[in-house]
Amino acid sequence: MTESFQRADGRELDQLRAVRITRGFTDNPAGSVLVEFGNTRVMCTASVEEGVPRFKRDSGEGWLTAEYAMLPSATHERMPRESMRGKVKGRTHEISRLVGRALRAAVDLSQLGENTIQLDCDVLQADGGTRTASITGAYVALADAIAVLKDRGVVPGEPLLDPVAAISVGIVDGNVCLDLPYEEDSRAEVDLNVVMNASGNFVEIQGTGENGLFGRDELNDMLDVAQKGCFELIEAQKAALGW
Amino acid sequence: MTESFQRADGRELDQLRAVRITRGFTDNPAGSVLVEFGNTRVMCTASVEEGVPRFKRDSGEGWLTAEYAMLPSATHERMPRESMRGKVKGRTHEISRLVGRALRAAVDLSQLGENTIQLDCDVLQADGGTRTASITGAYVALADAIAVLKDRGVVPGEPLLDPVAAISVGIVDGNVCLDLPYEEDSRAEVDLNVVMNASGNFVEIQGTGENGLFGRDELNDMLDVAQKGCFELIEAQKAALGW
Amino acid sequence: MTESFQRADGRELDQLRAVRITRGFTDNPAGSVLVEFGNTRVMCTASVEEGVPRFKRDSGEGWLTAEYAMLPSATHERMPRESMRGKVKGRTHEISRLVGRALRAAVDLSQLGENTIQLDCDVLQADGGTRTASITGAYVALADAIAVLKDRGVVPGEPLLDPVAAISVGIVDGNVCLDLPYEEDSRAEVDLNVVMNASGNFVEIQGTGENGLFGRDELNDMLDVAQKGCFELIEAQKAALGW
Amino acid sequence: MTESFQRADGRELDQLRAVRITRGFTDNPAGSVLVEFGNTRVMCTASVEEGVPRFKRDSGEGWLTAEYAMLPSATHERMPRESMRGKVKGRTHEISRLVGRALRAAVDLSQLGENTIQLDCDVLQADGGTRTASITGAYVALADAIAVLKDRGVVPGEPLLDPVAAISVGIVDGNVCLDLPYEEDSRAEVDLNVVMNASGNFVEIQGTGENGLFGRDELNDMLDVAQKGCFELIEAQKAALGW
Amino acid sequence: MTESFQRADGRELDQLRAVRITRGFTDNPAGSVLVEFGNTRVMCTASVEEGVPRFKRDSGEGWLTAEYAMLPSATHERMPRESMRGKVKGRTHEISRLVGRALRAAVDLSQLGENTIQLDCDVLQADGGTRTASITGAYVALADAIAVLKDRGVVPGEPLLDPVAAISVGIVDGNVCLDLPYEEDSRAEVDLNVVMNASGNFVEIQGTGENGLFGRDELNDMLDVAQKGCFELIEAQKAALGW
Amino acid sequence: MTESFQRADGRELDQLRAVRITRGFTDNPAGSVLVEFGNTRVMCTASVEEGVPRFKRDSGEGWLTAEYAMLPSATHERMPRESMRGKVKGRTHEISRLVGRALRAAVDLSQLGENTIQLDCDVLQADGGTRTASITGAYVALADAIAVLKDRGVVPGEPLLDPVAAISVGIVDGNVCLDLPYEEDSRAEVDLNVVMNASGNFVEIQGTGENGLFGRDELNDMLDVAQKGCFELIEAQKAALGW
């Protein structure tokens, strides 16, 4: 840690922002969660539809897919609405795909029957870490949705696997920092997102040298801190679910 | 009122659902309001951008425009996301235009300077009356945004006009009912939306015989009830604004 | 009526423009009508397709839908072609939906069999009142199309209901004027469109205070004048149909 | 000519359908023409806009461009509206480009000043030959529009060149036929469209062996007949223009 | 030939550029050919899909369709990528349709079974004549694909017809020139594309007076030269196929 | 390494496929490279445009952006063309963004002047590793384009930084394998893409447990093998560039 470095919000380098997970945020979807990482707030819902996409038909398996989006007023400067532009931005596509891959690691599709779970992660307020908050909240919404499916008796097995959570780590002014808010994210030298389960195994890692390269040692330091963060988030998920 | 008619939620025929208006719902827009009409919840924000669209340039006047949208998980059955479809539905367009017209009646564009106010009404949960809740909440977000503009000293005059609010009235099983939830709305014979100010003057009325025609007397009965509803909503707006 | 007010075209305040309804304007659709309200000219066609949209399948009922559009050269200043822009404007969507709702009130879908009637209202020349002319002309095209269906023996019942017609009323310089041409429409304080049947019952009303609010009395004055206009239009429809 | 061949409409092999050219069909565009080749009817308009596209800016020259489209109800079976599909069909693009090229041969862009002429050819009723009728009618609309420009004093020179007209020729059951209606066009072995001026020089030829190849002799026979047709159309254009 | 005229690349007026046809250019499609006309290089592939489009279903016949496109870096100035623009340019549509028509003349669809052959002509480098190179190369890819189909035993008959090839001819500075490179094409007075078989019969001709009209004699001169070019190209096709 | 494991193509676990880098593959772009990793072939071009996007204007810096795409016939089963679908797939967007980020790490934008380098990576044939081949080839195209810029005297400084290369590693049947072809990629348990420079510093890492999670040890094993691959690719880049 560099001598003079202080995080703007006073946190320790390896400290998460305040995490809040509110279940039952809305009533219509099978699972509906508001997840907050500090000022970042994402509404994560899990809806269930009978049937599966064509490439899964007659496989006896289910499917899970995800869409991520920002409300136009979520950011400091309002952004044009993607539906009005008529096309989705690359960043949106990229994060939707990441969320889908991450959560498919938390579900045993062979136990789901030919049902599709559609996750929607809509960012109400953005202050960095929207993709990691989305993944972390979506797991809880997924758990609630699967409980609904089991109650209805449409899934005979146990599709839900162990929790996965996600967090960002970055190098800011030479310091490895956990859970970057927008202010740090926008000037970080390196940005790493990690999706992990409670055993410390990786579902996905994505690291980018936004303003500089990073060495193997720095990667290891970041992974250590990320693991600490993911473990704490998984505790928060379990607490929210009453496990 | 027909003998046996009872509203499912136990309300009187001319009674509003519980109305809640929460200011400061998010931090980034100049105005941000969560408005609730019963289970209908809409996030209404007002963002300010310097400059005006081309058709207003060099007019010395400002502009106000609005976009309405539903989150895909807002409805009982999840709806496809409009950004992914690549086009906006007619219903969405129609309501966006209605909200814009209604709120332009609440602002004196000549006092706004060459600034644009962008309203966003994003429905988090839909249970009927999303367009009227949007208009009612948007006024409060607009008021907050204009206060911000005045604090910044960018508007010399007083652009904010008297409150406008909106409510739906319908004829359900022959009874004139105020503020229809989805269950009533979907089977109403007639559906009327009224946008009104505190003097009982109309900004807009839209009445449709969805499953039947309606006569002049029925229209008058509906307008009486709508006026009662709008006046109560305007009181709620004023209370929320501390006026 | 204000002292000095004179309509540019010399009409009385409650006088329609010259109305012309030409049946059999083109040969291919089952019904094809050119309707003219003064200089406004709309080609209204009704085409019949076997089958119904998904949400009506196996209902035993038919469906009716409408599309409204302006030719790019219909207006004083040429407008970009919507097909080239790749998207339909909100105004176009809004009017298409209005025309569809209005004409569904003129047909008993349960008597139509599982057939779809597609109305197309293409504005050849625009001088105000294009949506009301569209509705008025579309009824005649619909009547012709249903006669064709009955001749072919594909509809056993009688799907055609009583005529509906539509007219605009506005307040211009404080005067309630019937059937506004573009010049009046663009400066009207209030604009009201009324869709009505021969009994004086409403199918739809849409009133907007474009440049000012309007009170209950003004609404009533406008509705009186609108009723006169609609009754005259229904006479014109009947005359065109030889009823 | 094969022994038993009779055209369904009784015409001679080298005879045009009845041609009607109606100027001033609508009032708003600088030039507006209804052209009819038998049952084919196209509304051709020429609108004038100040300025030129980017690639012509500061060239001192003008530009001319064209858009062709079919109304959805123009054909026997109603076709989906291109604006609703969100994209233009290849055939539409192809014909728009052909019309633009053909009419640019009838105007001296260097005499036009930095103005753009926008031609719109909207097919009201289609019975074969819509592209050739479009070109033929568009010349007359162009002539009227240029006269307007000259009256306004915005073009100092004489941009209008000699008339161009277009006609289709085909081989049907082995017979070279002029001006094919839909019934012949759909079963023709060869289809040739010719755009020509009064000196018999070609602006464009497009010949396609739709259901078979064609030799040099057949091409020559078709060109002879096409020339006869174009000369007659140019006479009709001149008569319409009072030249 | 005008006295002083010299082609920039030293060719005779009626001489083709160097033609190279490379079969098996890529491995995945049933047919894959790189065709080069001088510096113009097009990758032509033929892929086979089971089944036919709706309008051919249950006809017992096959179908053939084509798509032409330019890589964004194919031209001297990079062009925007059509997939990113969200729509295909008119020129692209026009050429795709031409290639499809041309190659359908080289296949007997009734002998193909209910299979679809999809041709893709992707221009890697553009120096004029991309559409004629596409057609010429696509025939060879088609021949290879049909051979694959026959080997697999899915086509009982002989769908492949005699070769078709295509070439451009133009009038440059008054001289009829064969196979125009970009430099000549961009300043040609007249541009003619001819698709022809080995008997000298036409599949398609498209001639345009880009910067001037052309008479019957000029057309005949151009057709003579085009025939020479097509015959040579057909020899090159046969040589490539080892016929 | 599991006892019985043999790679289908006989390679060692940590062995690259044959790498070929062909400079000057096409003539028009400033840099044009064909890169081959075994059967994967990508055409990588670098085009230079004056000026920069809006968000970089007046910064004195340049910009670099990238687009990745597959030709429809590149894959075993032909894929629909994205330009015809009217929208770009999420995977395409994701890879385009990755390539852009990776190559921006190889250029000093402050030395580029206000110029934009547009990279295009078009996959001619896909057999796994298309994104890593794209990055590796794009560096060489970038180097050539910058040399052109320097020759033209438009960049005073030295924008080109040290080479970056990219490679995939995966775990297949429990074995860490370098440079996966499609057959291995489609059944890998874990898939990791690494972008690295010659000092072994990371530009980007992306690891996904496609069919299972992965631990820290496995990550380390994969990173070791990836480093070996990247170093060899950087040698190949240098050899191609004659460094």
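Per-chain residue numbering starts at 1, and chain names A, B, C, D, E and F are given in the order in which the chains are listed.
One rule holds in what follows: contacts are C-beta pairs under 8 Å (C-beta built on N, C-alpha and C of every residue); 3 or more make two chains touch, one makes a residue touch a chain.
The chain lineup, named per UniProt: A, B, C, D, E, F = Ribonuclease PH.
Computed from a prediction, not measured in an experiment: that's the story for all the values here.
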item: Chain labels contacting chain A and also chain B; value: none
item: Selected pair, out of C-D, A-B or D-E, that shares over half of its residue contact pairs with A-F; value: D-E
item: Whole-Å gap between the CA centroids of chain B and chain C; value: 27
item: Whole-Å gap separating chain A and chain E, where each centre is the average of the chain's CA atoms; value: 51
item: Rounded Å distance, chain B centre to chain E centre (Cα mean); value: 59
item: Where chain C touches two or more other chains, by residue; value: 86-88
item: Category of the chain touch graph - line, ring, star, complete, other; value: ring
item: Chain B-touching residues of chain C, taken from the complex the two chains share; value: 87-91, 93-94, 96-97, 101, 105, 197, 199-210, 213-216, 219, 223
item: Chain D-touching residues of chain C, taken from the complex the two chains share; value: 26-29, 32, 39, 41, 43, 45, 47, 49, 67, 69, 71-76, 78, 81-88, 92, 118, 120, 122, 124-126
